[in-house]
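What follows is a pair of complexes built around chain A, which joins chain B in one and chain C in the other.
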Partner chain A sequence: MAELDFDTRIDYYPTHEHQGIKYRRGHVLPFGATMVPNGVNFSIYSSAAYSCILVLFVKGANEPYAEIAFPEEFRIGNTYSMIVFDLDFELLEYGYRMDGPFDPESGHRFDKSKILSDPYAKAIGGRDKWLAPPDWDNIYSHRSRLVFEDFDWETDKPLETPIEDLVVYEAHVRGFTNHPSSGVKNRGTFAGAREKIPYLLDLGINCIELMPIYEYDEYEHSKTNPETGELLVNYWGYSTLNFFAPKSGYAATGKYGMQVDELKTLIKEFHKNGIEVMLDVVFNHTAEGDHRGPTISFKGIDNNTYYMLTPEGYYFNFSGTGNTLNCNHPVVRNMVLDCLRYWASEYHIDGFRFDLAAILGRAQDGSPLNNPPLLESLAHDPVLAKCKLIAEAWDAGGLYQVGSFPAYGRWAEWNGKYRDAIRRFLKGEEGLIGELSQRLQGSPDLYSTRGTSAGINFITCHDGFTLYDLFAYNEKHNEANGENNNDGNNDNFSWNCGCEGETEDEGINILRHRQIKNALSILMVSQGVPMVLMGDEMGRTKYGNNNTYCHDNGLNWMNWDLIDKNSDIYYFAKHIINFRRNHPVLRNRDHFRNSDYKNTGYPDISFHGVHAWNADWSKSSRVLAIMLDGGHAKNGYTTDDTIYVAINMHWEALPFEIPQLPENKNWHVSVNTDMPPPHDFHQINKEAVLENQSSCILGPRSVVILVGK
Partner chain B sequence: MNFTVTSEINNKVATLTLVGSLDSSSAFVFQEEIQKVAVQSPVEMVLRVSELSFMASAGLRMIVFAKQKLGSQVQIYMVSPQDQIIDTLQMTGFIHSVHIVDKYPE
Partner chain C sequence: MEIKIKTKNNILIITLKGSIDSKTAPEVQQKVLESSVNSKNVIIDLTSVDFVSSAGLRVLLMLYRQIKVKNGKVVLVGVSEEITDIMSMTGFINFFEIIDTVENALNTY
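Coming up: the complex of A and B.
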């Protein structure tokens, strides 16, 4: 019996024709434009449009070559769908016109003169090359395009590394390699980042978190620096145009429309080297701004559905950028879910960090929900089941949920309290020993039922000072942003070590380097998931600017020459990261029990000070030591060396009495940040035996890490 | 520029000569030629591409299609590709699917 194939299906033949273009009724789902035999299925939602027109362009053309109105019989519920035949997938750009009421008080802002980008488009054309001057008269700037979904992944799949074993590296695709010193062929692109995988591997990184790579418009709110005349742009990219499309300008092949292949190749190569890929995703708002902003997509398709609106029809602004995506509207919720499933399945993404995630827990009227359906859906979604879900657990509307973010047993959080406490402790504030001990343990005070891995520990991130600047500036210096230094955070908990900015003072520079090593040491021995900001491993500076969102220049491009200039920092960072990777006792999933449940003779964790077994918890104390028993590594599921970490943030040297090891073991020195390089650390498994096994001197503001074996 | 492809098989080696611009409008022509030679189970495939000026996404996919159609044990050689083709193959990662050579046999 002959088999039927697609070509014999009667529903893949046209029934209608318009100016020689053949089409027929389409499939309602999936939304977006999907290749089907002989054609493309277009489907889009709008709850309030009177009618919808599909607009077709040849790539780059000023005017559309066809506009096909959806016949009324093609509308099912609030969806319009149509299959158009014989389209050239690579040369097609498409959009929609929606006719409907313009009645802002009712939430409607339809304007059929606008051509709208498809919220489900898988690629966006029109701005194919980074910072290429736009044609401001273009009637359709951000053009929906089709992509091939048939990438050859071979055996690749998301790595599913236990989250507590990750060392996350937060990077900006362009900033990572755009500096000439990067030495890569295609600077500032996905292809360029691929060339730096060996570097990340050597550093000990096993997860890269990419700042937004969804399509955005670098020209959004662009302006000129009044002092320098330099163009200031939307460089960081926290303003999404389309949630399904990778940024074309980040691809060396963007001009050929191959950004999808280039990005997938990068991810595949990361995976091949054991490095997970996380995306920083921005679902809290879009690039359409408030009532004064442009109509690009959502605003003209169904404003009332996609945005949180005030009773007067204006935009709630919990994001601080003009509008707020209406994430807990069922349609928007499904779009977010569809989007993340798409990235997890089609791009093999390992995890997502949600920018201003507290917004995702707000109701349609802006009030915080007790049981936010979107967060619950994401937590229990079958496709996302192994993806890491990480919340930036606050928003610009004042909702701060660090420690209380609705987790459903799945969500982790950027631990903002970790950042603040460690910064304050490092600059020498008193009264922090109690909080320090919590942070070192994985913040059980915040995540008592969620385990250590609920917290992403970080001291620096893209927002704020770099690690170097944290010890070089007391105040922010954001004049170059053109906002009279009014932008950026004022609470940096930084300390310039005695001089604001660059100095020739050798003592200050030595202290700054030591403080950086202290910070990295504390970060890497803390339970929880550490995150390092791109370039902190080599003493990267932004010259005191703590809000470089608008700079496409050396403030944001990583200068690879710093590896040589600050070689001691770089080698130390490499050591301490790999030290963590080598010691499972530093990577528990569950909290310590403060007991010897494995009968090793030592509790899983113990606290010490200048006297062993006797930590000084007093207000004026600036010292703490912890000992992690190797017999309780990974919550007792494996064994490791015993690790002793002594931290002295007092301005004078202090003698520390060290706990005694069993008779057959000795303390070895892995790290002493008070020592000049190269004696500030010893290679893993080549550590020097500690001369005096019962005590050691900790220099002023320094960290010592010992290995008992 | 129009696309043409011709093929021959000698000693179980399939040689295809590609000329012009390979994009979504011409990829099917290449695909049909691959299917034609695949019937004879070649052990190697040689793509003479010195006169291939452009390869779009749809064209790149035909390389993967050829791999899958012929079997992963069949090596694919691209002879004398132009620099722009090599760049595209490198940036998109498809270069791992083929051997780039100046002449065949090497």
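Coming up: the complex of A and C.
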């Protein structure tokens, strides 16, 4: 029997013709533009349009070469679909015109003079190369394009590493390698990041979290710095044009339209090296701003569906950026779900971090929901079942849900309380020992039923000071942002160690380095999932600027020469990260039971201070030590060395009495941040035996980590 | 697009000239896949190819897949630095052996 060919299908043949272009009725699903035998299937939704026109361009042309109105019989419900034949997949750019009411009070803002980008487009043209000067007279700036979805993944799939075993590295694709010191061939691109995989592996990283890589417009709200004349741009990218398209300007091959293959190749290589890839996704708003913003896509297709609107038809602004995506509208909810499924299945993404995720739990009128359908759908989705789902559990509208984010047994959170408590403790505030002990244990006070892995522990992230700046600046210094230092957070819980900014004072610089090592030590011995900000491992500075969203320069480009300048920080960071990776006792999934349920003679966790077995919980205390029994590692499922961590944030040195080990074991020194490099740590498995097994001196503001074996 | 096909020592040698893009890819695909139906070993000479687009890269990969099931080998010859870069960044390069000249490629079989 002959094989069944595509051309034996009836829908292989057109039924209609317009200006020489042949087409026929299409398939309603999937939405977007899908390559089918002999043509492309277009499908789009609008609940309130009177009619819809498909607009076709040859790539780069000023004017469209065809506009095909969807015949009324092609509309099913509120969807328009058609198959157009004989299109050049690579040279096609397409968009839509929608005719409908312009009646803002009813939520409608149709404008048929505008050509609209497809919310489901898989690639967007117009910003193909980073900061290439745009044609401002373009009648259609962000053009929908087709992509081949046949990437050869071979045996690759998402890694499914247990979340508590991850060490997350938060990075910006461009910032990671755009500095000349990166030494890569294609700076600031996906291809450039690939060249740095060996570096990340050596550092001990097994998960990279990429700041937004969905297509955005770096020129959005661009302006000139009045002082320097420098162009300020939308650098971070927290303003999405399209949720399915990767940022072309991050691909060295973006100018050839190959960004999809370049990104997939990067992910495949990360996976080959055991590194997971997480995306920072921004579903709380879009790049269309408020009523004064441009009409690019959603606003002209179905404003009422896609945005949360006030009763007067203005935009709710829970995101602080002009508009709010209407996430719990069933149609938008499906789009978000389709989008995440697409990235998980087509791009093999391992997890997602949701920017201002509290918004995803708001109803269409903006009120917080008890049982938000979107969050529930994501938690139970079959495709996303093994993906990490991480919420930034607050929004700009005052909803703060750290510890109370609707989790459905799945969701983890950026633990903002961890960040604040550790910062305050490190700068020497009193009254924090109780909270410190909770944070070290994986915050059971916040996540009593959700386990330690519900919390992503971090001290720094892209937003705010770098770790170095946390100990070099008391105040933010955001003048370069052109807003008279009014932007950015004022509550940094930072301490400059005695001098604001750079100094030649050796004592201050030594203290700063020690504080960075203290911070990294606390982060890496805490239960939960640690996240490190790109560059903190080498003492990266943003010179006190805590809101560098607009800078395409050295404030955001990681200077790789810092590895040499701050070599002690770099080697220490590498040590402490790998120390965590080597010790399962630091990576429980469930909370400690505060008991000896394995009959080892020691409880799983015990608390100490200057005196063993006697922690000082008083208000004036700045001292805490914990001992994690190796017999209870991974909640008792495996065994490890016993680890003792002593932390002294007092300004004076203090003697610590150390708990006794069983007779056949000795304490060995892994870390003593008070010691000058290279004696601040000992290589894993080459730790020196502690001279006095029953006590040790902790220098002022320092951390000691001992391994009992 | 010029396509020349010959056989030497049971090895199919395909010489292409021009750009392999969405305009030319269908013709290249048809001719290359047809001519290699009975071959296990293929050399593709890209010395005179100035650009390979997404569609073009996919034609090469399709040929690779067709030959791979026969446990054969595809060697690319005369690949310009730019095309090598593009193939490397988009991952396509991993599937092919790249040799400088046809003569040297013949010696690898």
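Miscellaneous remarks
Quick note on the criterion: the second predicted complex is superposed on the first by the 706 of 709 C-alpha atoms of A that agree within 3 Å, B and C clash if a C-alpha of one lies under 4 Å from a C-alpha of the other, contacts with A are read in each partner's own complex, and residues count from 1 in each chain.
Keep in mind that, in the parts below, a contact is a pair of C-beta atoms (placed from the backbone, for glycine too) under 8 Å apart; a residue touches a chain by one contact, two chains touch by 3 or more.
Please read these numbers as outputs of a predicted model, since none were measured by experiment.
Following the overlay on chain A, a clash is recorded for the pair chain B and chain C. In the superposition on chain A, A:I139 makes contact with neither chain B nor chain C.
In the superposition on chain A, contact of A:I697 is made with neither chain B nor chain C.
When both complexes are overlaid on chain A, the residue A:A252 reaches chain B and chain C alike. When both complexes are overlaid on chain A, the residue A:K268 reaches chain B and chain C alike.
Touch criterion not met for A:A396: it reaches neither chain B nor chain C. By the document's definition of touching, both partners, chain B and chain C, reach A:D152.
Applying the stated touch rule to the two superposed structures, the overlap between the chain B and chain C interfaces on chain A comprises residues 88-91, 148, 150, 152, 186, 191, 251-253, 256-258, 261-262, 264-265, 268.
The touching residues of chain A, when paired with chain B in their complex, are 88-91, 147-148, 150, 152, 186, 189, 191, 251-253, 256-258, 261-262, 264-266, 268-269.
Chain A contributes residues 88-91, 148, 150-152, 185-186, 190-191, 194, 251-253, 256-258, 261-262, 264-265, 268 to its touches with chain C in the complex.
For chain C in complex with chain A, the touching residues are 21-23, 53-55, 57-58, 61, 85-86, 88-92, 95. Taken together, the chain B residues at the contact with chain A in this complex read 23-25, 56-58, 60-61, 64, 67, 87-88, 90-94, 97.
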